[in-house]
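Below are two complexes that have subunit A in common, paired first with subunit B and then with subunit C.
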Partner chain A sequence: VFDVDVAVTNPEKVVQFKDTSLPMFRSKAFTVRRRYSDFLGLYEKLSVKQSLLGCIIPPPPEKSVVGMTKVKVGMDDPSSVEFVERRRAALERYLQRVVSHPSLLQDPDVREFLEREELPRAVSTQALSGAGFLKMINKASDAVNKMTIKMNESDTWFEDKFQEVENEEQQLRKLHALVDSLVNHRKELCGNTAVFAKSMAMLGNSEDNTALSRALSQLAEVEDKMEQLHQEQAASDFFIFEELLADYIRLLGAMRGCFDQRMRAWQRWQEAQSTLQKKREAEAKLLWANKPDKLQQAKDEITEWEARVTQYERDFDRVGMTVRKEVLRFEKEKAKDFKSQIIKYLEAMLQSQQRLIKFWEAFLPEAKAIA
Partner chain B sequence: MRSVSVDLNHDASLLIDIPDALCERDKVKFTVHTKTTLSSFQKPEFSVPRQHEDFIWLHDTLVETEDYAGLIIPPAPPKPDFESPREKMHKLGEGEATMTKDEYTKMKQELEAEYLAVFKKTVQVHEVFLQRLSSHPTLSKDRNFQIFLEYDQDLSVRRKNAKEMFGGFFKNMVKSADEVLISGIKEVDDFFEQEKTFLLDYYSKIKDSTAKAEKMTRAHKNIADDYIHVSATLNSLSADDSTANKNRYLSSSVSLQKVEGRVASDQELKLTELLRYYMRDIQAAKDLLYRRARALADYENSNKALDKARLKSKDIPQAEEHQQHCLQKFDKLSESGKKELTSFKGRRVVAFRKNLIEMAELEIKHAKVSSTLQPTCVRLFVYS
Partner chain C sequence: MMEEVKEVTPTLSVHADNIKVTEVLKEGDTLTFIIVSQKLSGTGEYHVDRTYDDFEWLQQHLFSQEDVPGIQGVIFPPLPAKAQVNASAKVMKQLGFLGLEEWQPYCKALENFLQQIAAHSILCKNKALEIFLTSSDPPGRQRVRKNIFNRLSQAVVEMRKESHKDVDEFFQTERDHNLVLTGCTKTATERFLDVVLTEQKIAVACGHFSAALQLCVEQGEDPDKQAFSKACVKLSEVFNSMMKNMTSVAENNVNTLGVGLDLESRYQEAEKEMLFRRTCKLVELETARRNAEKAKPVKKAAMEEVKKAAETEFDHICGVAKQEIAQFHGLRVKMLQQALVQWCEKQLLTAKEKADQFDQHLQAFRGMA
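Entry: the complex of A and B
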C-alpha cells in the first residue's frame, strides 16, 4: 500500500513530496521547484505513453493568459491573488491524483518529476495543454461516434458506460455553470453588504437619540462582519464546490479519451484482419497465376499479418480490461472525492453559521438597550 | 403581523383593520373593516371595499386641508407592485422546457411565496396608514376619513372631483418650498432650527440606507434562487445512485435552500421595510417644516406689506389684519408642529428598537436551525 503525500506551495510552485512507506524513492521527504510548464510537460509524457493502454490520465489545470499576465505584472489585487491560489490548489490536486494512481506512480517520468533537482525545460506544451488535449479527444470521440461499429454482446458494458459518462459530464457542466452563478451572486452580496454597512454607520452618526445611534453603529459593525463571512463563503463555494466540478468535467473528458483508445485498438485489429484477408486473397491469385517466386513473399506477408492480428487482438482485450479497471477505480475515487468535498463544504457553512449566531447575539443587547 | 410600526390599534373607540384583500390582475381590492363606539358613525361595525387610489385620494385631501398644515400627515401607502414576481413568473414560463420538473415546481413555489409576500406587505402598509389616522386625535375626526371608512358606494366619483379641484396645487407648492427652506429663512426658534438640520441630514442618509438595503436583499434572493437550481441539478445527478446517496444530496441541498430563502425575506421585511417606511415618514415631517417655513415667509412678507402700507398711509387696517392672520397661522403651525415632531421622534425610536430586536432574533433563529440541519447532513455522508 502506497502512501504518498504531495503538496504544492507558492510562489514558484515548490513541490513538497512526503513519502511514508515507498521503498523506490531516494528519501522520505524532499522539496523540488517546478514551473507550470513542467506540470504540463509531465502530462504530455504520460498522455503519450499511458493513455494508449487505456489509463485515465488526470488533466492539469488549463493555461490562462489573462490570469498569468496579471500575476507577472505583479498586480496585488484580490483577483490575482485568487488566481494564484486557484492554480496552486489545482496543481496540487492534479499531482495527488497522479500519485494515487498505482500504475502512474510506477512511471519513471512521474518519479523524475518528483525527485530530480532540475528538469529540462518542457517544450511544445502548447498543443498538449489540458484544453488542447481535450479538444483532440472531443474530435476523436465524434469521429468514433460516426463509425457504425457492430459490437458484440460483451461490449454493451462499454456502450452503456460511455453513455453514462456523457450524461454525467453534461449534468456536471450544467451544475458548474449554476455554482459559478452562485459564486458571482455571493460576491455581489459581499459588495452590497460592505456598502450597506458604511451607509448604516453614516445613519448612526446622524441619529440624535444616543442609544439608537449606538445601536445603528453596532449594526454597521455586524454587517461588516457579515461581509467577511460572505467572502469566506464565496471562497468556499468556489474552491471547494466549483473547482471540484471543474476537475471532474475534465476527468470525465479524459475518461472519454480512454474509451476512444479502446476504439482505436479495435480499429487497428479490424484493419489488420482485413489486410490479412487481402493478403490471403493475393496469395490465392498468385497460386492461380503460377508465380512461385512472388508466392514465397506472399506467404511471408501472411505470416507477418497473422502475427499482427493476434497481437492487436491481445492489445484490444488488454486495453478493454484496463479501461474497465480504470472506470471502476475512477468511480470509487469520485465517490470518495465528492463525499469529502461536500462534507468540507457543509462544515465550512456550519462554522459560518455559528459565527453568525455569535455576531447577532452580541448585537441583541444593544438593540434592547434602545430607549 | 405588523411589521414596522408599533401597535396603533389600541384605542377601542375606533378600530380599523384590513382582514382580507383580493388580487385581480393588477388591481388589489382591500376590505376595510371598522369597529367603533363613536356616535359620529352610522353603525358600530362595517366593512367597505377600497382600491389603492382611494387611499391616495384620502391622503391628498388631508394634505390639502389647511387646518392640518401643522400636522405630520402619515405617508401615503405605495402602489402595490407585483412587477418583480410577475416578470420572474414570465421568465420561468419561458424557461420551463430547460428545467427538470422538480426544479420548475420549486421555482414556482418560491415565486408564489414572493407574490404572497408582496401581497402581505401591501396590505400591511395600507392598514398602517389607516391606523395612523385613527390613532391621531385630530385626523381621526376628519370628515373625509369618515367617508372613506363608511361610504358603501364607489369612491371613484369623489376622487375625480377632488382631482379637478386641487390639481396637484399643493404638491407644486411643496416642491418650490424646498428652496424656501434651503435659502435660509432666518429661524427664530432653536427647536425648529435643530429639527430642520437634523431632518434634512437624516433624510438623505436614510434614503441612501434604504437603497443599499434593497440591493443587499436582492443579492440574497438571487443566491436563494441559485440554490434552488443547484439542488435540483444535484438531485437529477444522483437520480441514478442508490437511494441512500440520493437522500443525502437531497437533504443537504434542501437545508441550504431553505435557509437562504428565509433569511432573504426576513431581512427584507424587518430592515428594508423599516428603513423605507421611516424614509417616507421623515419626508412627511419635512413637509410639515416646509409648510411652517412657508407660513413664516408669508408672515414676514405681511410685515413688509404693513410697513409699506404705513409708509403710504394706505390700506393700513387690511394690512394689519393680514399680518395678524399670518402670525396666528404661523404660531398655530409652530405649536402643533413642535408637538408632532416630538412625538414623531419617540415613535421612530420605539419602532427601530422593536424591529432591530426582531431582526436579530430571526437571524439567530435561522442560523440555529441551519446549524442543526447541517451536522445531520454531514453525519449522513460520513456514515455511508
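Entry: the complex of A and C
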C-alpha cells in the first residue's frame, strides 16, 4: 500500500506530487507546471493503450461545465473565482484517481506527466474538451449496439452488472439535478439575505430610540454574517456533493466504455474465427482444385489466423478479467469516496452551526437591552 | 390595561390582555375565527365565532364615533387585509407573512387587533367591542353607513395635502420621521418575506434529495454495495434532518420577526393615516380662517362660527394625537423588542438542536465500517 498525494494549486495549475514509499520515482516529492490541455492529453494517451483495455480510466474534467448543471452566474464565467477553484479541484480529483489506480500509477505516461519538467503540447484534445467525454462514450456505445453478431453470455455477470451500471447512472443523474437545484436556492438565499441586511441597516439608521437603533444595526450585521454562512453552505453542497455526483456519472460512463471494450474484443475474436473458417474453406476448395502454389499461401494464412484467434481469445479473456477486477475496485472506491465526502460535509456543517450559534448568542443581549 | 371608569359609560366586561383567537375554521370559501375572552367578574369565558366581515363591522363602528372629541387623532389599531380560502396570488402577496403557516400568524394579528382596541382608553368604551366579543349572534353583517375615514373616497387632489407644511414643529418632525420609517419598514418586511420563501424552497429541495437517496439502495450481499447503500440511507436521514431544520428556521422567522415587522409596518401606516387626517383638518382650519378674514360683513358671523368650530376640533385632535404618538412610541419599541428577543431565542434553540443532530449523524458515519 503506497501513500501518494497529488495536489493541484492555482494559478497556472501547478501539480505537486508527494510520495512517501514508492521506489520507482526519482525523488520523493516534485512540483511541475502543467497546462489544462496536458491533463486532457494524458487522458488521451491512457485511453488508447491496448494494455489498459478494460480499465476504468478516470475521465478528464470537462472544459465546458454547462451540460449537467444549469448555467449559474459565476460558476461558468472563466474569470470568476468560483470557476477557477472549480477547475482546480476537478483537476486535482482527476489526478488523485489516476495515481490511486495501481495499473495507471505504473504507466510511463503517468510518470512522465508527474515528473517531466516540460511536456510537449498535446494536440488533438479539441474533441475531448469540446464535445465532452460522455458524448464520446455514448457514441462508442451506439456503435457496439449496432453490431450484428450478438453475444451469448454463459455467465450473466456482465449483463447484470451492465444493467446495474446503467441504472445507477440514471439514479446519480437524478441526484445531481436535485443537488443542483438546492445549490441554486442557496445562492438565491445569499442574495435575499444580503438585501435584507441592507434594509435592516437602513431601518436602524432611521430609528430614533437608541437601544432599538443599535439592536437593528446589530441585526443587520448578524444577517451579513449569515450570508457568509449561506455562501459556504452553497459551496459545500456544490463541491462536496454536486461535483462528486458529476464525477461518478462520468466514471460510470467510463465503466460502460469498458464493457463496450470487452464486447469489441469479443467481436474481434468472433470475426477472426469467422475469417479463419473462411480461410479453411478456401484451403479445402484449393485442395479440390489442385493449385499447389496457392495452397501454401492458404496454409500460411490459416496459420496466421489461428494465431490471431488464439491471441484474440486471450485478449477477450484478459479484458473480461480486467473489467471484473475494475468493477470490484470501483465499488470499493465508491463506497469509501462517498463515505469520506459525507463526513467532510457533516464536519463543515457542524462548524457552520457552531458559528451560527455564536452569532445568535452575541445578538441576544442586544435584543434584550432594548428598553 | 383597563382604566377605572368614573362616568356612566359602557365598560368592557372582559380582560383586555387575555383575548385570544384560538382557532380558524374553513367553511367553504369563508374563514371563521373562534375568539375566547375571560370574564372580568368571576370565572367563565365567552366563546364566539366571527368572520372577517364582523371584524370590519367593528372597525367601521370605531371609525364612526363622531361624537367623541378628537377621535380623528386616534391611531387606530390596524386590521389586516381580508384573508380568503384559496386566495389569489395578489391577495397572498398583500398578506405577506400573515398568509403563511396555515393562518396562524393571521390569527395572531387579529388577536393583537382586538387586544389593542380593548386596551385603548377611548376605543374600549365603544359598545361595538362588547357586542363583538360577547354576543353569541354575529354582530350583523350589514354594511355600516360610510364613515369619515374611508380613504378610498379621497380624491387624488387630497393627496397633495400630505406634504402641506405644518404649523407645529413637533408634528412636522413626527410626519417626516413617520414617512421615512413607513418606507424603511415596508421594504424590510418585504425583503424578509423573500428570505423566508427561499428558505421554504430549500427545505423542499432537501426533502426531494432525501427521498431520492432512498431509491439508491442497492441489492446484493457484496459488502461494498452494502456499505454504499448504508451511506445513502444515512445521508437520506441527514437531509431529512436538514429539511426539518430549515422548516423550523423559516417558521421561527415568520412567527416572531416576520409578524413583528408586519405589525410595525401596519402600525406605521395607521399613524400615517392619523397624521394625514390631522393635516387635512389643518388645511380646513387655515381655509376657514382665511374665509373668516375675507368674509363680507353679511357672512362674517357665520364664517367666524365655522372658524371657531374648526379651531376647537383641531385642538381636540392635536391633544389626542400628542397622547397617541407618545403611547405609540412606547408601544412599538416594546413590540419590536419582544419580536427580536423571541426571534433570537427561537433561532438559537433551533440552531443548537441542529448542531446536536449533526453531531449525532457525524458520529454515526464515523462509526460505520
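In this text, the second predicted complex is superposed on the first by the 337 of 371 C-alpha atoms of A that agree within 3 Å, B and C clash if a C-alpha of one lies under 4 Å from a C-alpha of the other, contacts with A are read in each partner's own complex, and residues count from 1 in each chain.
Methods note: contacts are C-beta pairs under 8 Å (C-beta built on N, C-alpha and C of every residue); 3 or more make two chains touch, one makes a residue touch a chain.
Keep in mind it's a predicted model, so treat the numbers as computed, not measured.
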Label the relationship between subunit B and subunit C on subunit A in the superposed model as either fit or clash.
-> clash
In the overlay, answer first, second, both or neither for which of subunit B and subunit C A:K334 touches.
-> second
Applying the touch criterion given at the start, work out whether A:L295 contacts subunit B, subunit C, both or neither, answering first, second, both or neither.
-> neither
Classify the contacts of A:S206 with the two partner chains as first (subunit B alone), second (subunit C alone), both, or neither.
-> both
First (subunit B), second (subunit C), both or neither touched by A:L229 = neither
Once the shared chain is lined up, is A:N192 touching subunit B (first), subunit C (second), both, or neither of them?
-> both
Check the residue A:Q171 against both partner chains and state whether it touches subunit B (first), subunit C (second), both, or neither.
-> both
Residues on subunit A lying within both footprints (that of subunit B and that of subunit C) = 164, 168, 171-172, 174-175, 178-179, 181-182, 185-186, 188-189, 192-193, 195-196, 199-200, 202-203, 206-209, 212, 215, 219, 339, 342-343, 346-347, 349-350, 353-354, 356-357, 360-361, 363-364, 367-368, 370-371
Listed in rising order, the residues of subunit A that touch subunit B in the complex are 164, 168, 171-172, 174-175, 178-179, 181-182, 185-186, 188-189, 192-193, 195-196, 199-200, 202-203, 206-209, 211-212, 215-216, 219, 339, 342-343, 346-347, 349-350, 353-354, 356-357, 360-361, 363-364, 367-368, 370-371
Tell me, which parts of subunit C touch subunit A in their complex?
-> 177, 180-181, 184-185, 187-188, 191-192, 194-195, 198-199, 201-202, 205-206, 208-209, 212-213, 215-216, 218, 222, 224-225, 227-228, 231-232, 234-235, 238, 329, 333, 336-337, 340-341, 343-345, 347-348, 351-352, 354-355, 358-359, 361-362, 365-366, 368
For subunit B, which residues are in contact with subunit A within the complex?
-> 198, 201-202, 205-206, 208-209, 212-213, 215-216, 218-220, 222-223, 226-227, 229-230, 233-234, 236-237, 240, 252, 256, 345, 349, 352-353, 356-357, 360-361, 363-364, 367-368, 370-371, 374-375, 377-378, 381-382, 384
Enumerate the contact residues on subunit A facing subunit C in the complex.
-> 164, 168, 171-172, 174-175, 178-179, 181-182, 185-186, 188-189, 192-193, 195-196, 199-200, 202-203, 206-209, 212, 215, 219, 328, 331-332, 334-335, 338-339, 342-343, 346-347, 349-350, 353-354, 356-357, 360-361, 363-364, 367-368, 370-371
